[in-house]
Structure formats: C-alpha cells, structure tokens
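As written, the chain order gives the labels A, B, C, D, E and F, with residue 1 at the start of each chain.
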C-alpha cells in the first residue's frame, strides 16, 4: 500500500542542501498537484519569494517526501484537515485535485468530506462538497478521466 | 483496499428504522473503537441520552457504515481532521486508537499528524503527537501489539 | 414559549424509517427556511446525494424537530454559533432568514450578532452584520414584512 | 418576553462616565452570573486590572445591558457561540450557569448544545454536554433548584 | 520605542463620558487606519449603528489608545492575530495598511505573516501574503511611499 | 530596532545542509526560549524524532533566524497569534517566556494579549492573561528579573 515508503530509519538524508531539498520538493509538488508550482512562485515573487521556497522545501521536499504513508492516504488526510480548518477553500480546491492525482477516487474524496461533517459540522462539509463538485466539473471539461470512480 | 465497501448505489437501505440504525451503529462503533459505547451512554444518560443515540445512529450507523472508503483511511482522515480542529484532545485519543484498530500502523498515524503541521500549524500537531504517544504507551502497557508498525 | 414541544419523554419515535425521517425533515426545513430544499438536493445530486438526505433527516428531521426548545430560540442560537465559526457566511445568510421566519425580530438578530463580538471578536461579528444587512435588504426588495421589528 | 428591553432608540445614554458603566456592568454581571465578579478582579489584579474593567464595562455594562433581546435568549445564544468556539470550556461553565439563572431550563441548555453538533461537530457538542452535566451536578449538590426543567 | 505611551498608572481616565471615548476613538482610528471611519458608520447605520460606536469607543478609544505598547508593534500583533483567525480577510486588508501607517515596513509585515505559518499553517499565511500583495499594489498605484522598506 | 537583521537579499544561504540548519535552529531556540530544546527532543524521541528536527530546522533555523524583523516583535506577534488560535495554551506559556527573553516587557505582553480580545474574543484573551500570570509568577519565584517592566 505504501509503495513510496523507503527502507531506512525514517530519516531523510540530513546532508541535503537547501537546493537539493528545493529540487526534490519541486518534483514532488509536480507529481502530486500536476502543476509546476511556477504560478505560486510568480505570485509570491514580489512580496515573499522565500515563502514559495518553504512550500517547496519543507512542504513538499520534507513532509510530502517522507516514507511511511502512501500518497493517496496523505492527500485524503489533507482534504479532511482542510475541511476542518474551514477557511481554506483555495487550498481545498488544489488538494482535492491532488488526491485524485494520487489515486483516490472521486467517491473516496466525497466520503472523506462527508465524514468530516461529524467533526467540523455540516456547513464546512457542505462548502467542501461544492468545491469538489467544481474540481470534478473542471476535470470533465478538460477531459481528465476520473481516477477510479 | 476497500474491503468493507458494498455493491449497490451508494445508498444504505432507507427502510431502516431507528432501532436498526442504532444496532448497526453500536456494532460498527465496537468494531472501530474496540469499546462498547456503554461508557458514552452512561455518561450522557442523565443529561442527553438522545445524543448518545445520535452518535451511534448517525455517526456510526450512517457515516462510518458507508461503503466507498476503507476504514483505515476513514480513521486516518478523522485523525487529520481532529488535529486541525485543535481543541478535540479526548476525541483524538479515541480515534488514534480506532485508527490502529482499523489497520493503520503507528507510523501511519504519526505521519498523518506530522503532515497536519503544514495546515494547522506546529502547536496543534505537537499536541497531537503527545496524545499519540500516550495512546501507544497505554497499548504497550496493556500488551496490545502494534497493528503493523 | 416552546409551543412546538411535544409531550413525552424527549425521544422521538424510534420506529421511524429513513423515509419517514426524510419526510419530516423536508417539512421542517420548509417551515424553517421557507425553501423546499430542492436547490440543495439539486446542487448535491451529482456528487453527494446522500449528504442532502442527511441534512434533511438528521439536521431537520431529528435535531430541528426535537421538542424542548422553541424554534425562535433555536434559530438565534444557530446564528450565534455560525458567527463564532467565522467561516460560514452562506449558512449565516440562510439562517438569519430562518430566524426571521421563526419569529425573531430583525433587532433580535442584530443583538445576537453584536453580542458575539464578545466571544468571537469584532471581525466575525462585523462580517455577520453585513450578511444580516444583505438579508434584510433582500426581504425589503421582495416585500417581506419584518417579523416583529 | 423581552421584559428588560427599554423604550427608546436602542442607544444607551452616551453621557455615562466609565464609572457609571462600571457600576451598571457589575450589577448586570451579578444578576446574570450570580457572582460578584470579585474573583475575576482579584485574579487579574496583578497583571491586567483594566481587563476586568473592560469585562464589566463593555461586556456587561454595554452589551449585556442592551435592550432588544431578553436575557434568557442572550445566554442561550452565548452557550451556542461558546460551543462553536470549541476552546472556551471555563467560559462555557460560567455561562451555562448564567443561562439557568436567566430563566433557561436545563433541557433548553441541552437542546442548544446538541443542536450545535450540526454546526461545530460532535466533539465540541459532546465536550459541552459534559460541562453542562458538571454544572447541573454542582447545582444539585448546592441545592439550587433547576429553573424550569 | 513606545513613544505614544503616557505617564500614569496604566489606566485611562475613568471620568470619560461615552462621547469623549467616541471622539478619542475616532481620532485614533483615523491616525491608525488613515480613514475617517465614516464608511463603517454608513455601512452599519441601518442595521447596527451602536456597533460602529463600539468599534470607535472600545476598539480605538479604549484598546488602541492604551499606553504600554507602541502602535507599530500593536498593528503587527494584530496582523499576526488575524492571520491565525483565518477567516478575517477584509480586516487583514485594513490592518496591513494600518501597520504600514504606523511605521512598520513592508518587509516587517511580510515577516510577521510568514512566521504565522508555524502556528496557523501554510494556507492561512499564504492567503494573508496575497492580501498583503494587494495592499502594497494599491499603495503603489496611489503613490503612497512604502514606510521604510 | 531590528538589530539582528543581516545585510543581504533576504535569503539565507541555500547551501546549508540539514545539519547546519539544525545547529542554527538549536542555537536560536536556546537564545529565544532559554531552553536547550532537549526536553522536546526527549519527548518526541519515541514517536516522532523528525518532528523535533523540523521544529529546530524549519521553525528556528529558517523562520526565527530570518532577518527583517526584530525578535521582540516576532515574539509578541507569536503571542498574538497563539491567543487567536485559542487552543495553544502550552505553546503560549513557552512563548510568553520567550517574548520576555527577547526584550518585551511584561506590560507589553499584557497589552498584546488584551488587544486580541478585539479579534479573538474575551475568553481567549482572558485564558491567555491567566497563562501570562502563571509565567510571571514562575519567574518571580525563580528570581528572574522582569525584562523592562
């Protein structure tokens, strides 16, 4: 299930330089989100270029590159977490797409969101279902086949 | 992976009476949490007995009995969601145990929590790691073998 | 005050089937919101039809059909809760309308929101006041008389 | 219902000095909470005496002294709001007591909390029910009769 | 550093009438936000004129007029707090402008926001960086020189 | 004011290896919190040793080592943010101490917390004031002189 886990002690190499983490993070972000991340870099270039680096290096180069949990589950966990935050609509849109990219079915995304009604309440779940509908519709339009469901 | 999914249209039978939902919910709660739920019923008996029923009927009889997503992923999603809520320490303790009961490894629980640092911040994730440590230690003491990890 | 309370032990009949809960919930939703709920069902039809059922069955058929608290107070409590969540603008718009439908005056809605500044801060309350203004204006335009105030 | 409303334009007198607001707030706090507020003043005396004044002046002298909504509803709205905040257990304990003091029945408090499960999720509501049970038990012990229920 | 602190015991004069607090608050709001506050008064005039008064009197006349902390730090603290609330985009826009008005540099605003990624997560910080970019761009367009950076 | 800023382009060296970031982070954590961080490492050693590394490397080695904002302001911003999160009592305790270590006076800490009542509500601010009182008392007992106030 966790096919991207790696043997070892659970630590990534600590000899990585920042540029190595950056490269790894960019590759992982592209794999997960299906985007290059250029638009985030461009959007932050004027005000906070380092923040884009942290997203790549720490978010994708460190955390999302860790062994020990498969990416499909990681992304469904992220969807669940974002529903519970309540305010992260744009991130939710990105990561619902990422969950599909990583092998989750549309139904699995929907089930994850619906379940969060128990923990975050119905309004947060309902808002997230509407975001999912938007993501699914955009994929239909773009001709992206639903991963499994 | 989703061995508990059922064929059909995604709808549970709508002919269920409340008592049938209650029975299904109690069985599912026991399967997931490893507890009978009697302690919740007892705790709520004086003030809100119906609320215990809703937890069984809606929470476990409806939502957690749905096909379409395997229980291991459902519980890791719940752990992720509870970390992001920030205030649900007791629920987190229960559901970290439930995740282990449903086939998640300790490492998978830890990875799920650590990843939420990206979305809910480090303090929420750190608090949750301490809850996980407590759950793991209680299981060591009780002689419960770690599921997989 | 609690004219919709019913004699009995505080439990709704447990012999209700899902379809009976659904019917009761649809009727109660219509009474409270002044809408049929068809637009929610239509919006969720593609992605999560069961979620619409849960809103009817559990939300309105179970919770909002309970005895023990009058609807006017129930809806003002909901308005208060939604202000404190902070992120539920669309729900707030619906339920400010519902509060008016259930006998709360405009002034009572405003007082409820203002009071939440103490608990959720000024920005959440201010946002909610602007939502209330929008709801009141839409009713003026539609010729709906203010309930009491 | 709103027996404490006052005729007029909805404005409290603007000629109040701080000391007048303080006196009004102290009286209103005592009426609502059944406490003198001395313990809050004492607790804050070393670090933030002005904050105690703001609680009296603004919280109780301004907001909770406003006409336009009866105190029973005000307090049930506060209970609802505090459940949705999720983190305010101590305040919830105080204000569940205040709701009872202001004419809400125990059942009304319980209904208000249970309803918030729809908006803030089950864990927040469950935590609040346990706080309510604690408040009710303390009153039993102290021989305080339940207001109405 | 705290040039606006005042000698004394940390208490504002308690002889202030509401109108004096209102006048002080309006002046302080204008100093901090660079606006008159008329637009808030106008927006609330129909539904909650008192709430505009509370913003002036309590928010700016009491809190933001206190000695003991310089305004630049006060506003950066507010920016940090609003990032962590997650839902307060409009307030964030106003107060990023206020921080610049009170002597914070653009870089200081950005650093404050970025740091909050540790506590509130990356999505909240990223959203806030985009708000900051918008505020900076509007100032460029209006020809407002960056305070220091 | 920003005496720890460094000349340059706002970027830390990207040639840092993980171990260099770790060392820088440990030193900065010690400087800020007055603790070695060993207790965090020990607490996480069994369950999530990497998470301790991320706190050092990313939290203190990257973010808190950045130029562009003085540490006193950084820590007061953190206190403000933690008050608004609402659930982070233990972190708040640590960082109120850190704020004092970095040159903030007790009064400045108190002012920062009180101001957050405007944004996060009174209960969150009141809880935080009690945490501050506890931190101040522990310092009195330990004989730590108040930084400035």
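The criterion applied here is as follows: a residue touches a chain if its C-beta (ideal position, glycine included) is under 8 Å from a C-beta of that chain, and two chains touch if they have at least 3 such contacts.
The chain lineup, named per UniProt: A, B, C, D, E, F = Carboxymuconolactone decarboxylase family protein.
Everything numeric in this text was worked out from a predicted model, so none of it was measured.
Trainee: Please identify each chain that touches chain A as well as chain D.
Mentor: Output, common partners of chain A and chain D: B, C, E, F.
Trainee: Please indicate which chain is farthest from chain C, where distance is taken between mean Cα coordinates of the chains.
Mentor: Checked the centroid distances; the maximum from chain C is F.
Trainee: Chain D and chain B are one sequence twice: same or different residues at the contact, by the over-half rule?
Mentor: Mostly different residues.
Trainee: Starting from the mean Cα coordinates of chain B and chain C, work out the distance between those two points in Å.
Mentor: Measuring from centre to centre gives 29 Å for this pair.
Trainee: Give, as an integer number of Å, the spacing between the C-alpha centres of chain B and chain A.
Mentor: 23
Trainee: Among the residues of chain E, which ones contact at least 2 other chains?
Mentor: Expected reply: 10, 50, 54, 58-59, 66, 82, 85-88, 91, 110, 114, 117-123.
Trainee: Given which chains touch which, is the overall layout a line, a ring, a star, complete, or other?
Mentor: Graph shape, chains as nodes and touching pairs as edges: complete.
Trainee: Using the touch rule from the top, collect the residues of chain B that touch chain A in their complex.
Mentor: My answer: residues 1-2, 10, 58-59, 63-64, 66, 68-69, 72-74, 76-85, 88, 91, 107-108, 110-112, 114-120, 149.
Trainee: Going by the contact rule at the top, pick out the chain B residues touching chain E in the complex.
Mentor: Interface residues on the chain B side: 117-123.
Trainee: So in the complex, the part of chain E that touches chain D is made up of which residues?
Mentor: Residue list for chain E touching chain D: 10-19, 22, 49-50, 54, 58, 62, 66.
Trainee: Over in the complex, which chain C residues touch chain A? Could you list them?
Mentor: 43-44, 46-48, 50-51, 54-55, 59, 82, 85-88, 90-91
Trainee: Going by the contact rule set out above, which residues of chain C touch chain E in the complex?
Mentor: By the definition above, chain C touches chain E via 86-87, 106, 110, 113-114, 117, 121-127, 129-130, 132-133, 136.
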